[in-house]
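Next up: some structures, all given as structure tokens.
What follows is chain A paired twice: with chain B in the first complex and chain C in the second.
On to the complex of A and B.
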């Protein structure tokens, strides 16, 4: 094929890879920016999202782990991917609320290192819990065939290739990942920038004490922010699950790139997280096609270069950084 | 009163009077600390792996004893940074694994002499720590943690693929042949006579010397004015800056020193196993040292070593337990208990961070203080009673 189509394919693949990073990074970033809480368990939320998505959407056979030993031969409701896209974020939102209320809140006044340590410990616990229940083997998470199908309504087919101009055939589901990410991030952006809720949250970021003095209960917006961040990680798990392997280590493996995305973009900036995710996605996609051996190294090299030249991140404010 | 001072009675010595006071004074001395460490290191493998009753209870083995000391050196160095300077690095796998690879590559291509291996591995780690510290310390707090993590991951992926011609990629560095120490002593061989009964192999003795050395160096640093500055930075960085200290340089030095300790440990790890797994560079390895240090007690000299012992013991011994039974009975509490070891450890870790940030060492310390407190109260009561009794006669 021509050079142009190669470049476009890399661009699309990069955007799709970046989309997962963006979903995770936006969640991390709003939690870090508003609550000043370092959540090393964000990868664990992604892990929960993936398994929850698998549970709702499909029904997969279990071969090892405690669940199989206890007599559960399969895992899942098999009610379709669209249901997963609805239920999983709600579920992980709830998980996020619980986490804020019973874990994070106790650590707001403690040093960063304590926050990192306790959430890191939590990430280990969650990962091990899944390993015990499902075993260390990868589970199959097939790409969805169609979404929005109810009863007699067949819904939209989302699997298989789609013919695009210039590019030619391209896996359709990847475009959906990009689309879903774009819609969700836009919604969060509008929520934070243009609603009263967002106003309170942003004011709390600047001066929580003053907001409290004005008679606004800041704890409620905070817990919701945490929940939204968690829900985004859950969505990332659902849409990212079918694109990668599903096993208990995916949470810790995705954490490092997600954190780097936040730091590259600038903490607390949604636009920054998006930019960081796109930069990372494109870098990885380009290196995978031109220098596969360096594809992972490149990600970290870029992060290092950006941080050394612009420590506050590409779109970060100096004063927002904790 | 003067009567009592003139002839300290046996009772005083018994219940924490002069004898205890003398011990307290002695305890603080460097020679004592190093000496006691040396004695403990010398008897540890015997108690752990060969003593009649104790070892049967512990089910330890020689190789695990060596491994505990190696990770112990790593943890002491890591604690200099986390516990004393207050910097949480998630990138120490780069120094540990980097040194392990450096030592292995030197052994394969230049010389298998253990001393040469340790020196080259450590040198590599120190230089690497200098560079990475210089870069990572440009930002503090969480950024420091994430930057160290990022740089260390970069090395992991470099070793995995672009540098595979040197590191043997995914398979890890195999075929490392460790030579004999000074050309005479084979490290795998048992030490003859009493030494063998206590220490076991020459390898253990070799590692033990480095461990005692590490304790001595760390103790020296921490009890010098230089080490005081580390603590000052941990307590209040800004204030340390205002007093006129160049905080950045001290932090960099703490980072380099702890990188050096990790380098010694990593090189010894290669000598111990004659193999370097790629995993040794992965960030979960950094996570392990964090868990060990915090579990044992960051900010204390021996807490991290305690944490290392506990972690490795659970990883190697407890994980093989098939069923947890009520002692001396056959009633099974938990089947496949060993299967849950990592989960259990994770839960314990979270609880420790949450409730006792100074770790197991902190708990032991508090228990000791409690015991001393109770002891002195009991002594006071005893003295009061005997004085009353004496007055009555």
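On to the complex of A and C.
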């Protein structure tokens, strides 16, 4: 195998592993940058997104948990993965709105530690609720065979290996994960950078008090920002679900890498979240290839180096003093 | 408390003594003598972490065992003549459970609490050899018996063995012995293999045993062997490396959730089109999570409900009656180990640990669904048959049926002498 193919494989694996973290980090980052709210329940939103994705897309047999005991031998609508990609973000957006209105808003002016405690507590409650309902057993989230099939159009095949030039066989779904992430992040970027809504949000990030003095009700954009962040976590759950088996701990496990991505990229910066995710994914993939024993340590080392040299992250803005 | 019990001696006659054994005959040791008329067992299983699915099924089986010990039913009625179904030695059995979180430190703390706070007379549990080894070491120090449940590392009854621990489960060495001839016949000789292994006690000895037997028995050559951290969720880069190595066979020494993930991701990447895949140690929750990805993949299992003999059928039925689900291999281990301990207490006529240990050492039995077995005295490792299985395609899977049993490898074709293999490094330690 040539060096070129090695590099390409690392690049693709790195981009794919980073993609899920990018989706999570963009949501985390805009909530943290705009609302100054540390949302440790972001992983729980990913968890909700994954199970909601299972529910919409597939019909999964259940052999465990209260649902099974109550006589639900299976779980799901089995109406396809594309439907899940539409409905789940809308649903998790709604969850995000409720969370902002009834939980986060009360904690905006309180210390970070309070925010961390309440959201981490919420995350544990959600995780245990799913454990009670579905049991600890893992559920298979099978990759979609095809998406966009309607009428006589069979749709696009998205699962199984695809033979790429130079690289060889590569799991096709992982390429789709990269593509879907790129499209969604671009949409959020356009929304924040090129719309009036985005202007208010960005202004609020710099100086919320001044925005209020200009007569803008900033609570409305805030709740929408929270909803968008939640929806991105939901999408991450849907597209990331088929990459692993699914169980109630996936939300907690993904939280630390997502925060590291934000730290590396810079709080509040969408481009930073993307860069952080790419650095994260490529570092992990390269270390696994060349020094597997260091694959987990290396990431923390990079985060530490970034924090020491650029405390605001690679693309984060320096804090504006009041 | 263990410490206090050790200081106070067995002088009083407040119901202690452990039934049958006189206090003068058996001095206080660990949590012996038992105070009151209830004996407490501690079940220390992973209720979170990568092996949580296995832990959940183990706990069901432990609770069923306690129920049968107190009320009769299952093997207590049919397979264990030593047990009455009216408690053990006139003591009612109670239990406490803990969460190891698939982590050795947390498991040790949890077990310590059961010994110190709950006065557990016996601890059982496992799912992760690192956990089992940590807890059995603690139990040896505290002089409380540990009945291993799911632990497959060679070290458990090899270099880390202890007098106070017994293992029904076979080990990685025996898995290698059982699998090598089967995969050699299936895939041929002169192949090259690549290994990924979980980077802790079990994975390391599993990797070494597969290297030994695939090389010596199957005549294969190892190209490379790569450690992966326990709890890895994305194996894609590891798998890409394996795929590009040019090897003919990929051996995935992963278990539980990790095994389900690595198997599924290997199939998604199309590795099965280029290489044969082997997963040396399987179980039912893992197969259930991996779905159709297990199709055609060889491995070994602790036990399977399809094994056709009377004890297996009876256990499956009793478990189904209680939980309306088919038991997994780890569940059978949990149930069997609890009853084995209780029966040894009855034979000893006391809960005094050294006497119970002597009842288990070199004990021969044929009542837990795996044929004739011996719990060997020299290393406390059960000498028993090993089931070799092959995963079924998704279309042929149903609840409780995920494998085709290819071979029940006889214990006569497995194992090693007391001065050879993993046993050569075992020093059991003291009885008292």
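Just so we're on the same page, the second predicted complex is superposed on the first by the 317 of 322 C-alpha atoms of A that agree within 3 Å, B and C clash if a C-alpha of one lies under 4 Å from a C-alpha of the other, contacts with A are read in each partner's own complex, and residues count from 1 in each chain.
Convention: a contact is a pair of C-beta atoms (placed from the backbone, for glycine too) under 8 Å apart; a residue touches a chain by one contact, two chains touch by 3 or more.
Owing to the predicted nature of the structure, the values given are computational and were not obtained by experimental measurement.
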Overlay on chain A: chain C relative to chain B, clash or fit: clash
Touched partner set for A:140, first chain B, second chain C, both or neither: second
Chain B versus chain C as contact partner of A:259, first or second or both or neither: first
Touching partner for A:175 - first (chain B), second (chain C), both, neither: neither
Chain B versus chain C as contact partner of A:216, first or second or both or neither: neither
Touching partner for A:244 - first (chain B), second (chain C), both, neither: second
First, second, both or neither for A:113, with chain B first and chain C second: first
Touching partner for A:124 - first (chain B), second (chain C), both, neither: first
Which superposed partner A:300 touches (first chain B, second chain C, both, neither): first
Chain B versus chain C as contact partner of A:38, first or second or both or neither: first
Intersection of the chain A residues that touch chain B with those that touch chain C: 292-293, 296
In the complex, chain C residues that touch chain A: 47-49, 52-53, 55-56, 199, 226-229, 231, 233-234, 236-238, 240-241, 243-244, 246, 257, 260-261, 264-265, 268-271, 273-274, 285, 288-293, 325, 399
In the complex with chain B, residue positions of chain A that touch it: 32, 38, 66, 106, 111-114, 116-118, 120-122, 124-125, 128-129, 131-132, 252, 256, 259-260, 263, 292-294, 296-297, 300-301, 303-304, 307-308, 311, 321-322
Residue numbers on chain A that touch chain C, as the complex places them: 1, 5-6, 9-10, 13-14, 16-17, 61, 63-64, 135-140, 142-143, 159-161, 168-171, 173-174, 243-245, 247, 249-250, 253, 284-285, 288-289, 292-293, 295-296
Residue ranges of chain B in contact with chain A within the complex: 82, 86, 88, 135, 138-139, 141-143, 145-147, 149-151, 153-154, 157-158, 160-162, 164, 283-284, 287, 290-291, 294, 339-340, 342-343, 345-347, 349-350, 353-354, 357
